[in-house]
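Lettered A, B, C and D in written order, each chain numbered from 1.
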């Protein structure tokens, strides 16, 4: 239920079959280029490698008993070509070559979709950063108001994290796998390395130094990069949920979504919740991939077979998380006035550091900190406005004007604007 | 691909809908018993609550935007009953009540299926323990031969672990959830607690002390118990894989399965690999459930929504793992002669402890250990049979008869037989 | 830094050594009872088994190269007793017997400390539940105000979860491990089972059906139960953090803690943060234990050795989490007036369900829901008080008195009071 | 017990304090360069920032109650400098700036140590790959002998994975963190960005686009990269454990280690077990880092505080795993004759593919596969040597010479030699 249809399709059984067929067609073609398979045979195999000709459910059932779906697919493909050509299907390859290369083909496609969702999310972040570079709001540490910041800077923080995540996904090494039954390319004779190189070219994937059948870092790294991406998206969603709280009310998710079945007044952050739930699923899947690297000898019994669904799930849910968060930000209702009100809720206490900094120029930082802390504590205890306490306190050796300047949140934003610009500049460059 | 059809069905979208409808029918019935809903209305709701009337795919899509599939289902059910009865559908309940109770209904059913698989697995373990109580084989620690044991004792170890796992699942507290929108049962007025009690009766689930909408230990404990079960199954499968190694050859998976696509001579432990892969998936799902307990206030934004697929997956894959391991043990080919040969591979070194114990009665344990260790090392270095070295070594103050008795593996099985009997006794009691 | 000293000591290297020595003393004593070791030897071994005589750092270093610290300890203990007695040290046992039984002894002690912390936490929850059974506050789902509840009911929810967690820990099966080098008790001859039974008695631990050297569910279940406990504690801490937010302000952690280094006005929920951080560590450790169950044959190479620190960490951090949360609740500042204010922040919207329920008695539930939803939406859009909108709306066929009654949060608490009493009753019974 | 002293020191409390002091000194120096702190003050702060002057235990205890150890350290450092200089200590920074930058400084140092261990491991792999490029052994898939390969190629596979892991660690972005209390650099006024840039220079760390206090991907990515490294190391250790099995006996860990306490003849793969156990711990720690990315607003309550020990643990155990595996490979005893014997254990069946390939040139691949499979099955059933069956079978239309050539494992190694050379070439380039 959590995954948009396009993402689900990209990792479906049918998508796996299509990717496996792509491998078989490219393998025959690579061998034709290497001169060890007739060109006509390669063409016939390519022609037969159309996913819609094969029944995913039947192959899945057969695959269950044999241990993987590659063997039944190869059998079906072999039957689908005629005469002598059959002998050239899957030549020199083993089931793992098919599955592993297919996983890379499938990942590339799914990563492209995820990339689109991240583009959308980054665009929404950039727009919010740009529009709200002057929108003052409370920064919160340990969920306590700390100092003023801007909503623009918050969105810029999301933006940079999304750009980093995107870059990380784009840099993932996706390599072809071809090793034959033992990783030696034995049944290809001396042509093995050339076929490997051609196969990589055919599929547009990297050529690995060695066949990687028993080196699973590639797959685990994919899982880790997806978990990192999901974590970045989850952070955005979590901030939205917190800002949308009834008592905070600084943002609201797009209207129309998240209507409560029983409570007519509620505007639930349903999109953010969906993003968070999806991100949690990604982590579960990634833990399987990271936990299964120590695969026995030249092919594992179990850890390898656990990868396929974990990888598919991690890809799909990362896309789902990004899509949900993108939708949320696209329609996000931002309420600058509420941000301002919240900032004033502490009666100026949130600017105590600004007062302290100003006073410190006169008394030294430590001394100023001690004095302002005492005044702040008194204000909190007496529930009087901080400004009034400051004005009345002889230890606060500042003029009313100085106090008012210090208590103006727009005057204590530090480099917020500059930082937003740094983020946007990077966005413009990388877009 | 890893999950048998029955398990898959038990956690399918349709199964969720059926469980949700079961909740709605039972809720109306409980309220009829409490006198707050007309009996006819409850009957009409029960009549309308037939899963086949609802479209899982459509409800899923609608659920995606709203945050959970309960709201669209309630809407559809309300439309399916006529006139005034509509007002009694889902009365006093919130979406979480539906989902949480449905998860318990669904879990109960899936746990029953898992229980059957574990029964089968336990039976196979018990048969092997019984038949092979006298089948001597090497015990291995850190994968090195240590001492003789029996295959019966190994199977008895699996058996006890499976019985423990089964018992743990059977003891899981599955409770009804009903709290209304805030956990106060507010819209049921003073009848809330009675309706809660009746609902529990109707569904045959526990009545909780409090509504548990924000206390997720029940669900997380389910996840943990499934992970423990999967771990027990994985241990069996791993031992089989290790025993089935070409160089060990003490068991083989049932013929016909695991034929290699490229290597005609191989007999792959495909069933064990399937069990291991499934168990790994269970752990991934369980980590989501254990990681999501700290849910915010009266309903979480994200952690709750992540539970459904994780729970379904954990149930299905645990069943799949148990089924695969059961099939493996049912048809397991055990090779006592190979076990015996392997035991002799060290030329008797594996019985060094027995020699040491015998000698120790004369020289003291420490001294005997030192002397036998020296002889053993020499045997290993010279590649001579350990027996010959013992006979030749003046420090080994034992007669040839004593040496031969010590080197007889059947004479150094300790309490293996007694322990097998303890395990079988427990099996007979708990069956 | 996160763990109180008592917890840290309970899982320290010294504590491990003490537990291992306890095993050795009890083993000798059990064998003396079985008549296979002289009583004097057992007494001498017991006398030598004083933890302060051994150097944890040295044993640790020696243990690193050998694979576990049991072997060097046995060596040191053997040297510490004189003459013939040495031959009776560790008789019939293997390193794993020492480590596994020691882990149970150590766990029992640490669980007792955790139990005390949970007792304290439960007492604090019970006090809050009792004192605040009438303290009205907003219930929040997806962090949106949903309906009124009481702080007493919230605390009762924490309480029941803590009681459940405590019960779960108390029910954990802690069993002695004794199997000898291969799990057959071979070097104990026919006395093996009797020694096993006596050993269990001596240590006050369960006697297992079989030696459990290769069945790790016991340890993994401990890890899971600790993760469940930590999750329960984390939920309490998370709720406190959310309630303590500047904009919510319904509770504050005890003054004096959590003062900010730079921001004098802040009152950070530092204790809750500590509890949350500790709980996260517990989950990390538990994942190691749950992930390591499939141990090879009669002793694993790696998965077993990873258990010790994981178990120690899981115990210590669970205790640390409970201690931190207990301190937080003990000194928690609760602000009923702020809860009331927050409840009014929506201008009565949070009681829309109550209005709907009242109106529903006249118009039917569905119709009432639709009408009140429309009014609520208008109130939200126009920012007018919900009460005013209700009074002006001809579709809301209620008298002003009925409206005021519906909008009184104390009149829409459902069974909150009854539920609090159920929780307290259980607390009184189980205390 | 698992971690070598150097690694343990690199992440000790004292190392944290040293790293924090390095931050404070560099911060003062950066501000001196920016002209906002007197050069003398910066020098005085640098002079006072000597780790041995501070008491880790005391700071830890104080840190426990305040939520992090930065505040007490800053206080102690402030007291350690005299007079006016105190006012320049920690100027413009917040606790998180100290902790986060210190974590990067500490990580860099620990990564360098890990890098050295990986260098050693890579060198050992390279040596084995080189020396054993002609050492024929069975390749095993699902732990069944599949085809011949070389031990050199197996070691080359380890080598490439280690090189990849090393490269991944070296590419990790380690950036300085400085944002002040809210991430706006407010108390540094307009000099914030310059101070940030100078600070990065001083410490030799990257300058981030934005302060990353609430973007935790940096730390999580570190965790992921360490988990990937640990997984690579674990794979090596697992293969060694499997090859060292009594029944396989193709390698043995260095003598002198892993002597059994009770079984004189055993040569336990204790170093490999240590590496595996350490790798499992790394994964536990990494799961904490990957699971804690969604940190609330400008600083999290709990998830952030959980990072420090998790990061330290992940670094230390990765180093420990690599060190243990390196020691294992350095002294690894390789037994080519045993590899050859094992290869012959199937009576030539392991070369069935070679026969099939040869025959396929005559009959077509599919037909050859069917015929050879039948012969192989018969050989397995009758326990006759495969060669004899092949010779007797009229369907195997090959001459005795062709059969013998096909059954020669050195003739069916495919590109093993070329692949080893590819790996070594890369090693030579990257060293």
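In this text, contacts are C-beta pairs under 8 Å (C-beta built on N, C-alpha and C of every residue); 3 or more make two chains touch, one makes a residue touch a chain.
Everything quoted here is computed from the prediction, not taken from an experiment.
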Among C-D, B-C or B-D, the pair repeating the A-C interface (over half the contact pairs identical) is B-D
More contacting C-beta pairs: A-B or A-D? The answer is A-D
So, in whole Å, the Cα centroid of chain A is separated from that of chain B by 32
For the pair chain A and chain D, the C-alpha centroid-to-centroid distance in angstrom is 24
Check: chain D positions touching at least 2 other chains come out as 67, 94, 140-143, 146-147, 180-181, 187, 234, 237-238, 241-242, 258, 260, 262-263, 268-270, 273, 276, 279, 283, 287, 291, 300-301, 353
Chain C contacts chain B in the complex at 67, 78, 84, 86-88, 91, 94, 96, 139-143, 146-149, 153-154, 156-157, 160-161, 164-165, 168, 180-190, 192-193, 209-211, 214-217, 220-221, 224-225, 227-228, 231-232, 234-235, 237-239, 242, 276, 279, 283, 286-287, 290-291, 293-301, 353-354, 357, 360, 364-366, 412-416, 418-419, 422-423, 426
Touching chain B in the complex, chain A uses residues 1-2, 13, 60, 63-67, 69-71, 74-75, 94-95, 180-181, 187, 234, 237-238, 241, 257-263, 268-270, 272-281, 283-285, 287-288, 291-292, 300-306, 308-310
Chain B residues touching chain D in their complex are 138, 140-147, 241-242, 244-248, 258, 260, 262-270, 273, 287, 291, 342, 345-346, 349-350, 352-353, 356, 369, 372-373, 376-377, 379-380, 386
